[in-house]
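Going by the order they are written in, the chains are A, B, C and D; count residues from 1 in each one.
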Amino acid sequence: MSKIRSKLNVLKHFISEFTSLTKRGPSGWMVIIGVIIVLAIVLMTLLSPWISPHNPAATNVGPIRAPPSAEFPLGTNHLGQDMLSRILCGGSIMLQVSALSVLVCFLIGVPLGLFSSYVGGNVDKVISLIIDAVYAFPGLVIAIAIAAMLGPGVINMALSIAVVYIPSYFRIVRSQVLSIKELSYVEAAKAIGAKWHTILSRYIFPNVVPSIVVIATINFADAVLTAAGLTFIGLGISKAIPDWGWDLYDGWRYLSSGAWWIITFPGLMIILIALGFTMIGEGLSELLNPKLQH
Amino acid sequence: METPLLKVDSLFVDYPTSRGTIHAVENVSFSLEKGETLGLAGESGSGKSTLGLSLMRLVPYPGVIVKGSIKLDGTDITKLSENEMRSIRGKRIAYIFQDPMTSLNPVKKIGDHFTELICTHEPNKSREEALERAKKILKNLGIPSERINDYPHQFSGGMRQRIMIGLAIALNPDLVIADEPTTALDVIVQAKILDLLESLRDAYGMALILISHDLSIILERCDKVLILYGGHMLEYASTIELHKNPMHPYTQGLLQSIPNIELADQRLRAIPGSPPDMLHPPKGCRFWPRCSYATEVCRVKEPPLVDVGHNHLVRCFMHSKEASRH
Amino acid sequence: MNKIDLTIAVLVLIAIIISSSTLVYTTTVMSNVSTLTSDVSTLTTSVGNLTSTIGTLTTIVGDLAEKVGGYSEAIANLTARLAAIEAALAAREKETLIVGTTDSVELTLDPAQAYDYFGWCILQQIGGTLVAVKPGSTTGADFVPELAESWNASADLDVWDFTLRQGIKFPDGTEFNATHVKYSFDRAIGLIPSIPEGAPAGLGYDAIINRTEVLGTYKVRFYLNFPFSPFLGILACRASTIVNPKYAPMAQVNYTAGDPRASTPVAFVGPYYLAKWDRVAGRDIEIRLDANPYYWNATSEYPKTEHVIFKFYSDPSTLRLAVEAGDVDMAFRHISATDVLDLQTNPNVKVWWGTGAFIQYLCFQEKYAPFNDTRVRVAVTAALNRSALCNTVFLGLADPLYSIIPPGMLGHTEAFKKLGDANYTLTRSLLAEAGYDESNPLTFDLWYESSGHYPSSADQAVVIKEALEASGVIHVNLKSADWASYKKNRDDEIMQAYIYGWYPDYVDPDDYAFLYWAKWIHTNYDKVNPDKYNQQVDLYNQARATTNTTLRAELYAQIDDIAVEMCSVVPLYVSSAWAVTKPNIYGIYLDITQDMRYWLIYIGE
Amino acid sequence: MGLRSYILTRILLTIPTLLLLLSAVFIVMRVLPGDPVALHFEKRATPETMEAMRRVLGMDKPLWMQYVDYLSGLVDIPYLFEHGYPNLGKSMQTFEDVGGQIFSAFPATLELAIYSTLIATLIGIVLGVISSKHYHSIIDHLIRGFGTVTYAIPIFFLGIIFQLIFGVYLRWLPTGLRLSPTVSPPTGLNIGGIHIATGLYTIDSLLEGNIFKFFECVKALLLPSLTLGLILSGIFIRLTRTNMLETLRLDFVTAAKARGLNESTITYGYALRNAFLPVLTMMGMQFAILLGGAILTETTFSWPGLGRYIVDRINFRDYTAIQGAIVMFGLFVTLVSLAVDILYAYLDPRIRY
């Protein structure tokens, strides 16, 4: 119990004074840097319409596959589109997709986990069996199948990714609840006749929040990567919208002709955003790990 | 007089943390002869475990010994290299931990615990010889020697503590430090374990440091007592002396909290308040916030440690005044 | 220091290997069992064998131990062996041609069933047809005798007689004669109902050929259902490959990998035979062609190269890397325009250019608004910018196409030039008539295929969108679907405008012109404009009924004119063809047939 | 219950799991737009021919009957013995036995998986241990950074970069394929009537005793498995590190120190032996992820494995093929997790089911 309390306190602490993370050693710093990266990229994407030098979708604004130069700092791609402008706004789809998928995962995985583990018995068994079936299966395959089924589109893509990560939420929540459920104060709550949803929402949910936060951030990173992967396989959104995934794919096609800049910059952007989220997740998971506290 | 087995001189141990430095042990000194038993008493967080571990230079991260000396047969082990220190641990000083359930490697057989210990310190010994000795020790401790191939989780708590003790004495060290050896066990076993320790001490003629929050145990088993509070030694005396006239209010408090069969009508009194927050300890005397005799000076000045005769040391202004009058 | 975690890692590895290899092992061992006894009833005995197998296995392990010992010295003289191998390779170099490709045989090498480029390509190397197209034909196809030495058609082009070359033997010694011809075509047509869309079905043999008649040992006659001038074109294509009845039973056979009939030299009479054909999971892994010792034209030193080995790559860029790295002597098909342009400047490789026959065109769904209005279709057509498409997407390695019949072929015109390129004035005026302007632009979905069925289709769509929107009165939404869905949408007629492609079966305008109204493209042109449709079909059939090339050209020109007027299917571009080889490779012909004739290729200095 | 019965139950438990997966796929595939029949036709898709094709593919039957047929095929033991692989039906595109196709493609994936797991585990554990031993030192930060970055790199991006460096610029290693075409695939062991081939080229070439081929295989394997291994190593580093840190804080480690045991015994015999157990469990789970990554790796390196097979087949709406592949994957993952469990039981005396 004290463990969980401390967890919770740590979380509150973290939320209340973000800056105090600097005092929390490297893990704290990881979180800070991660958050900065993510915010920076989101901001960049939001502002892109005003700050991008060219229309990212317009072809032949410059020579075809021109290397980085004063006029085109990141070069141009095979259609003579300005890479810088594309980089600036190319994150939007990925961010939308991953944000959406994380949301879906959260909205389905968490309640399901809470419910299943709290009710227990056969219900729990069956749900767990199904979830494990999904979990024990190469996520990308599922994602591909579903993406192919639903056809291109932000929401479809998000859904296909979400399906892959719901199990991890379910599992973490479930294991947490199973451990918390037996704790004295939950017992006590039951004893004084609290309703099950009260117990879930009031006593159990707050305690699983930290681990969910960690999962969510990691999931965010994975979602970005999976989205890129789907685009790479050709299941991306229509090419009319600039997207790092597409640029990466094109870059691959033109890499052999030495146009390293087409693939490098989108690649780096994807790494960067994934890195941002991963750092947050990793930092938090270490900060919130009671076993590692002095 | 010959050098004592163990002589600790004004020892300081700190924990530098991100939120500030904790002075876990401050200016502690004591000494111990062969065959003697010293009791370290104090509430949890008083730094007694830290003190115990610092005697083996095993203060957990990020703790460090900042000052003072620990002389084992005259050699200051705080100066030794990590390797030299390793050869002392387990061979000359052994440590018995509080919780026998978690102190054994769950994935190693009992036998392996012994063999690796013996073979590390006596490389010439073969595994077989080591096992032989292990079996003997276990038999002495009342554990059937065929169980040498069992895993820790197959033993009861009491048996595991015996095994821990067995490991401690396997190389008959000069000093055994028992850190709350019985807190995790039930009362009957407690007595047994403690008897066992004493008999072993006598048998092997080694010195024993008994760390406990339970003063009664210490009073009935030890020759000397050292009372720790918030990292300070408040009182240090032979058991008889301390029993006769406990001088520090804290000690008195502790004694009054012990049930005593002789005084049937005595009502137990617990010490009010709670131990100090070691991050922000009270200025002056560490104990004043809970002390009924506390005066102005206690809040500002830290009382000195004075000898009131018969090697009875106490850290309290009441007695330092008396001492000055003499 | 990491002694122990090594052991742990190894432990894990072993666990994984065991757990999973057992799968593979058991299956393989079982297949041994099955070879020992195909009958399940005698399973017990086979189990006995299995145990003995295991017994011997243990002994084998012993042998292995020795082997391992042997390895040490093996490694010692490895360098020597490598050198030897190098030498051997150097020696073999001249008679082995290594070809890198992204193609793969789709299904089978049965001429009656294969209907994919690469299947036909291999068939051409191992098989023979009555007539062939002369390598390097420039204007249209000029046909030369192959298994037939002469022919003549009846006045009204529905009866064709062929005199066969004598003395040709199938590798099994069977003398080639007229009966084989009849058999081959009867079989092809006979199989049609039982197979999805094997070549003959796709080509419509059943519709064209009425019957085949043996007039003599070396004389054969075809009766056609209607006058059909392009008949030689049909006869020259892979589906007309002559088969050896012994090895090509009337019943449907899949000449698939592992089928002994697939790799036997005796089924066909081509310059090569199929010496090796490995497929993994329905994709080719290795194909080796060896010179057919019984080739009828061997006297003229064909094939020039003893062995041809095909190396299969999953994507053009890795293929390019391979040809640059010198892993392959020759890279053919699907090297991207960009890559080939770079490679041109690379002294270590040689690029071969040729005319292409693959075309793409824009289809309008006439069933609904807006494209049920001819003016709108014409307007959009006028707004197209073909040169921008060819230059931006294909870097000039494709040519704007203004007639559905590609250049270098009889009946090719520039008809669509009438409407011009990026002719926005026309677009605006026409759309104005139809009630569209800046404030109320024509808005529609333009669909493209997204799973790589067509070259850089996404880029095409982007460029076309841009050109159309430059008119200021058109707004385009790009939509994409993978091939399966794309076809589904086509058949469901839910795509307003879509880009489609065509690759010819036989070298004749006859195989292109019909695209304007082809029912399977589902533009509903024939239903919405029946009279125009009938006019065109009529002209088409007239063209079939004459060998008079000027007349045919004239007829196709008329078809084009109507097409321009109606703009139901609009030609966009025709690809050019290229191959990349090492500098010392010679004898490559990239002509209108799109055939790669490997028996002509040789390795020089 | 004993280990054996535990394993038995585990195996039995996988049956409903697989059934579940299978049914899901079965339905999903049939919801996919596009139909395998139409894909066979271009010019002359008359209703009759389409119908004929449907019959050929057995799609004229009602769905439930197709499902039943499929399941009954799975348990067709005689077939299994005759062909050496289960009856997974015929491909709807190539009309070949799906079982055969899959078992010809599987070893490639398996080999890739094995070696990349090996690499990932080695890197992960070694670095994880090192960084935990130098907790909060610069080394620790570096290793953590490395772990985090590798985790964030898109797998195909790394693969492509490797191709560019080692394949194009340095020309050291092949940019794709399992084996150079000038080398014929290893035949495995041939002694008398017995023919043993695992389909794992590295093993087969050794069985064949052809050291030259062995090196060829390794050369081809290096880049793909390194790509996949590196990407996965991040997870293992993180896991090993945290578990080591947690374990190093436990009493028995301090106790061991107090007994004066030497550094290595404590790190490996005590800390790692115990910290490894959760890592092991995680590995079991990670395997699915690894196979997912294999798909992208295979696409990048034209590796003729199951991953690429699935992608192909989805494009062709080759229902039977995809179902087969799914069953295969499911079985494989289950087997691995089973193996992990057994290993776990072996490593942790406390677990005796």
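Everything below uses one rule, namely that contacts are C-beta pairs under 8 Å (C-beta built on N, C-alpha and C of every residue); 3 or more make two chains touch, one makes a residue touch a chain.
Bear in mind the structure is a predicted one, so any value in this text is a computation, not a measurement.
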- Task: State which chain is most central when centres are taken as means of Cα atoms.
- Result: D
- Message: Comparing the two chain pairs, does A-D have more C-beta contacts than C-D, or is it the other way round?
- Response: C-D
- Query: Could you state the distance in Å from the CA-based centre of subunit C to that of subunit D?
  - Reply: 33
- Please report how many Å separate the Cα centroid of subunit B from that of subunit C, as a whole number. 86
- Note on the structure: For the pair subunit A and subunit D, the C-alpha centroid-to-centroid distance in angstrom is 24
- Message: Please tell me the distance, in whole Å, between the geometric centres of subunit A and subunit B computed from their C-alpha atoms.
- Response: 51
- Message: Quick check on subunit A: which residues sit in contact with 2+ other chains?
- Response: 25, 148, 151, 252, 255-256
- Message: By the touch rule stated above, which residues of subunit B touch at least two different other chains?
- Response: 61
- Query: What parts of subunit C, by residue number, touch at least two of the other chains?
  - Reply: 321, 324, 451, 481-482, 485
- In the complex, subunit D residues that touch subunit B: 135, 249-252, 254-262, 265, 269-270, 273-274, 347-350
- Message: Could you list, by residue number, the parts of subunit C that touch subunit A in their complex?
- Response: 316-317, 320-321, 324, 336, 338-339, 341-342, 388, 392-393, 395, 450-452, 458-459, 461-463, 465-466, 477-482, 485
- Contact set on subunit B toward subunit D in their complex: 53, 56, 58, 60-61, 86-91, 94-95, 97-99, 102-108, 116-117, 120-121, 151, 153, 164, 167
- Touching residues on subunit A, where the partner in the complex is subunit D: 25-26, 30, 129-130, 132-133, 135-141, 144-146, 148-149, 151, 221, 225, 228-229, 232-233, 248, 252, 255-256, 260, 263, 267, 270-272, 274-275, 278-279, 282, 285-286, 289, 291-292
- Complex contact set, residues of subunit A against subunit C: 57-60, 64-65, 78-80, 148, 151-152, 234-236, 238-240, 246, 252-258
